[in-house]
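Listed after this line are the structures, all set down as structure tokens.
After this come two complexes, each holding chain A, first together with chain B and then together with chain C.
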Partner chain A sequence: MNDNTAKNLALSHMWVAFIAFILACFMGEYQVLERSGLFEILSSPTVYFASVSTHGVLMAFVLTTFFIMGFGYYTASTSLKVPVWNKQLAWGGFSLALLGTVLAAIPLLTGFASVMYTFYPPIQAAFVFYLGATLLIVGSWVWCGIMIVMFLQWKQENPGKTIPLAMFATTMNALLWLWTSAGVALESLFLIVPWSLGWTDTIDVGMARTLFAWTLHPIVYFWLLPAYTAFYVFVPKQAGSFLFSDELARAAFIVLVVFSLPIGFHHLYMDPEQAKGWKMLHGVGTFVVAIPTFMTGFTVIASLEIAGRLRGGKGLFGWIGSLPWTNTMVLSVILSLLMLIFGGWGGLVNASYAMNAMIHNTAWVPGHFHLIFAGTTVIMYFAIAYYLWPILTKKPLYSNNLALVQLWTWFIGMSIMTTPWHVLGLLGQPRRISSVVYNNLMTLSWKPYELLMILGGLVLLGSACLFIYLLVKTQFNATTEVFEGQVEYAEPLHAVKDLPEYLNDIKLWNKVIAVFMAISFGIPILQFFFLDTYDSSAWGY
Partner chain B sequence: MHIDPLEKKWAQIVLAICALFVGIIMIDALFHGVNAPSNVETIDSAKLHLSEEFAEDNLGVQVDANGDITVRMVAGRYSFFPKKIAVPAETKLTFRWVSIDVLHGVHIPMTNMSTMIVPGFVAQIETSFPKPGNYPVLCNEYCGLGHDHMWSKIDVVEKDQWIAPQISSTGVKE
Partner chain C sequence: MKQLSEEERKKILESSPVGTWVLMLTVSASMVIGWLFLYYGVFLPRGIIN
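Our next item is the complex of A and B:
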């Protein structure tokens, strides 16, 4: 088994992810400073919006996609105990995605793509930006293909056997991403690219928004699934326990993937181009997709409780204190779940159809997704990195204590930053403004919260720098000490037997997704061909 | 396949929680008419000045023969036009928003007067404001480098002190 290929793929992808991450962290702190208006010299909408656009692209597209690909190659190879299929193709996908990232970065950093990472037309960016973003996605499709081929090959060679949970989750995520990215790919191919090249004069804004909404919700589950994978396959073992239920973990991944796709219209609740019946249908689906998250919380906490009791914890809550809090994976999952509880309830507010009017596009929204993405999800990316870096580099983690400090400060910083952000939204502050110039007394009440956010951002930036420092120090440590550990996947409490085929395969779910997508997006997309729509010409910014 | 009895119980509780939330939302939507703005009505945003409804003279607050109040507003970089309007409190208002250029969003803080304004579409909302006061009208979707400066004003006045704007036979407000 060519183990080095998987290791090199994992390290290369994750380094791209984390370099993008640290650059974007500096931009984030600059943005809270700029917006506060404390420093006159920083004030510049041109720089601010270029920065916000770059920060969004780096965090939402580059950090996530590269991390997920790297993690996926390593998970597939180690859980199936086979080399990565077609390594030339894998490196080809990496190069394509990296080329796309660099191409997109040029107009972003020079102010020719200040259109935000959501790039809503009819504001138009330079063509190179859309080309770069498209290449990044195409590169990630290579990864999806390799994951699915490895899954199917293993199934063929091991008839009747249960595919390891880690691989099942990873392949479901690959399937999810193929379906998810199809929406934005259609938008890019048929609407944005021809329009940005000047081949078409106008663009159908309603259809563009509908196709983007197709991608906009499941993409966050694409980012979240590696975190959930770590919850299920790493955490129980690291806590010294067993996975409470392997079967329900599979069921949770299936419901997450199947129901995260046909519900994108909760991003369009406030839009005039879709009718209320479709919005309600997607709204119900949005609550269905909350179910597997509730189940995940249960399974993970049950696994942790077993760990705490095995370690001598007694009483209703005594087991919490006896958990191994100094294990980075265990600490991360506790902090991640705490942020998931608050962020999840905030998400239920967003999901609540007409109630969404109170917070739609206010500061509440970035507050929410920072808590649940940069908090819940990214803290698990850290935990995975701390777990894998010694295995990938064969060198011990530079300092476990500093890693614990880093995780705690990330949690504290995220709490300090996102709490006032949510409050600002409730006080009416719109998202994506570079300064507060509304001639209204109400805006005075925003000031203390903006100042608090600067502090939160500073703590987060310090924490992010410490994270990168620890990875560099671990990998390039001159020590002669060799780390011999290997990846250990959690064992289920009850051995898996008589697993029904629908919990062991992706083909059925692919068909179910196709039907759901046809139902929930078919007519809403087709309507634009029958409605008397008026397309929009291109606008600068 | 093994499913723990505790898991089954928890699954039932979770289903009940989600059903409760969906139930409340559906009762509000279907029986109390609390809906998101969704009228799917198209308009040519490039020719608003030639349209009867959104020609400049017809913008703002209008009361029709039945006493129903409609507020017609145009969003364009960087303001909402007319820039200042007055409406009565505790009265049903129908807002109709259109964009003259790019994508905008509008929100009057502390109220549910919120909608996206998508070029090519009319966004219609019915609401009423319970509390009198001077509210800002804020753009909440990034619309260009001047996005921060996109706002206007709305005065919500006591119902009995509000005076309906008069519109002459030529359609010009006096």
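Our next item is the complex of A and C:
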């Protein structure tokens, strides 16, 4: 299947994603320098919060959403072997999302939306910021719709056949995003937009935070699922092996999507607006998400073990050394899984109801989500880009060796930056502060860790620049050499036969999610209509 | 890289991923131990909030 529309869509979306990424990396390094307080000339809370808000929006919303859409279009087209359905609509979605990004960038860069990427009320941004964010989300809904239509059309035209795993995973992610984004859409539509336009004077902060919690945790899995998709559908083939179990992979995606949704209250453990029983319910659900994570770890590592043994590896762990470590996809998955182990462990600490009190709102939290998102997830975005760029541009990767250097430096930089971040959290450093203005023994003890974070940030910035350099040099290389390779999906070790329909469709799981969401969020949201609550006036502009 | 015979290849494809099981159990046990250390070694000794 050689669908030029899918290629152009993938390239356009991914370029927007990676331009956002590199801009955000420069801001990240500025922030770690400013926050350390070691450079008086950089000290400016105003600039810091404008930067940290832009950094968060670019990384968490722009990089991810555009990357996922671009990767999704290409995965759908190549795995189903059909053109992208309704290409005008797809380009319309892209344009809408891009317009939203530009609109949101204006107040962000001019200091009128320094509300961080969580934009928790009562901190208020200029209306244009919310409008831009809304358009970005609506653009992504277009992508969700196209993925679901392509999924259903293929099923209709191929009755009884097994939908390719890559498409099953992509459509599950589209379903997840529709459910996930509904929370923040409700918050924006009924609370934030009327308030930011001045139609209402005050806002119910508790309800706003509850609706955002609906979105805030599963959004992480929306970002992560493309990484998992690559784990399952690219890595085994690149390692020279087979996918250990297609069925286990599907089950992992289902459990992950279903259980990632009704768990957002672990972000509200310290909030007063929800009762402890609901928090406990969401907390238990958070631990359940560890199950598909372990299923994924097992399936991917088993696929790698087979690859290593097929390459001559012996003994209990001898196969690890036999793996093709110079393959960017294989190296990435190893580094990604390593970061997932430590980041996942940190997540279990966050989810622990009692222990959360120790690290809540401390530097531990950004340390954790940088390790999981910028580490585990983004390193797989790099791997996917290195794999797809030669296919999309028909030019060979500029330098495999430099790509390996880039991946290693990203891993090393992320380890150097996030380890002290976690420690600082345990030492009591709050998050969401621009500087430490008092010098006592406690804050002075933070300095060595902040110096390490600056070093880690510098390594990461260098690695990010190298990544962009490699993409540019690959695409715009004057070489006459033509890359003829096509995308190759991993075959399962045992052919899939008689797959039960629940592992081959999304309809049942959509209903299950609806029930879970009604149970987990029904009363916690409805209570705001029956209880006396007290609104807050706006802080900001 | 040594060329495998068809029999060796078949044996690898049909065998259980023992290394993976050991790795997963080790990681799981380490995570539990790490969690317990943080709970009993760091969190509880800090005492109640005054």
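Everything below uses one rule, namely that the second predicted complex is superposed on the first by the 535 of 541 C-alpha atoms of A that agree within 3 Å, B and C clash if a C-alpha of one lies under 4 Å from a C-alpha of the other, contacts with A are read in each partner's own complex, and residues count from 1 in each chain.
We take it that contacts are C-beta pairs under 8 Å (C-beta built on N, C-alpha and C of every residue); 3 or more make two chains touch, one makes a residue touch a chain.
All values reported here derive from a predicted model rather than from experimental measurement.
*Asks:* Can A:306 be said to touch chain B (first), chain C (second), both, or neither?
*Replies:* second
*Asks:* Per the contact definition in the header, classify A:295: touching chain B only (first), chain C only (second), both, or neither.
*Replies:* first
*Asks:* Just to be sure I read the superposition right, which of the two partners does A:5 touch: chain B = first, chain C = second, or both, or neither?
*Replies:* In the superposition, A:5 touches no partner, neither chain B nor chain C.
*Asks:* Going by the touch definition up top, name the partner, chain B or chain C, that contacts more of chain A.
*Replies:* Residues of chain A touched, chain B against chain C: more for B.
*Asks:* Answer with first, second, both or neither: which of chain B and chain C does A:437 touch in the superposed model?
*Replies:* first
*Asks:* In the overlay, answer first, second, both or neither for which of chain B and chain C A:272 touches.
*Replies:* The first partner, chain B, only.
*Asks:* Examine A:354 and indicate which partner it touches, taking first as chain B and second as chain C; both and neither are also allowed.
*Replies:* It touches chain B and chain C both.
*Asks:* Name the contact category of A:419: first (chain B only), second (chain C only), both, or neither.
*Replies:* In the superposed model, A:419 contacts neither chain B nor chain C.
*Asks:* May I ask you to decide whether A:536 touches chain B, chain C, both, or neither, giving the answer as first, second, both or neither?
*Replies:* Touch partner of A:536: chain B, not chain C.
*Asks:* Just to be sure I read the superposition right, which of the two partners does A:45 touch: chain B = first, chain C = second, or both, or neither?
*Replies:* After superposition on chain A, A:45 lies in contact with chain B alone.
*Asks:* So chain A touches chain B in one structure and chain C in the other; where do those two contact lists coincide?
*Replies:* Comparing the two interfaces on chain A, one with chain B and one with chain C, the shared residues are 244, 294, 298, 302, 348, 352, 354-355, 357-358.
*Asks:* Under the stated contact criterion, what part of chain C meets chain A in this complex?
*Replies:* Those in contact with chain A are residues 1-2, 4, 9, 12-13, 17-20, 22-24, 27-28, 31, 34-35, 38-39, 42-43, 46, 49.
*Asks:* Which chain A residues qualify as touching chain C in the complex?
*Replies:* Residue list for chain A touching chain C: 242, 244, 294, 297-298, 301-302, 305-306, 309-312, 316-317, 319-320, 341, 344-345, 348-349, 352, 354-355, 357-358, 426, 493.
*Asks:* Show me the residue ranges of chain B that touch chain A in the complex, using the header's touch definition.
*Replies:* Those in contact with chain A are residues 1-4, 6-7, 10-11, 14-15, 17-18, 21-22, 25-26, 28-29, 34-46, 101-103, 105, 107, 109-110, 112-124, 134, 136, 138-149, 151.
*Asks:* Give every residue of chain A touching chain B within the complex, in rising order.
*Replies:* 45-46, 49, 114, 116, 120-123, 204-206, 209, 244-245, 247-248, 268-276, 279-280, 283-284, 287-288, 290-291, 294-295, 298-299, 302, 348, 352-358, 360-362, 427-440, 442-443, 494, 496-500, 503, 527, 531-537, 539-541
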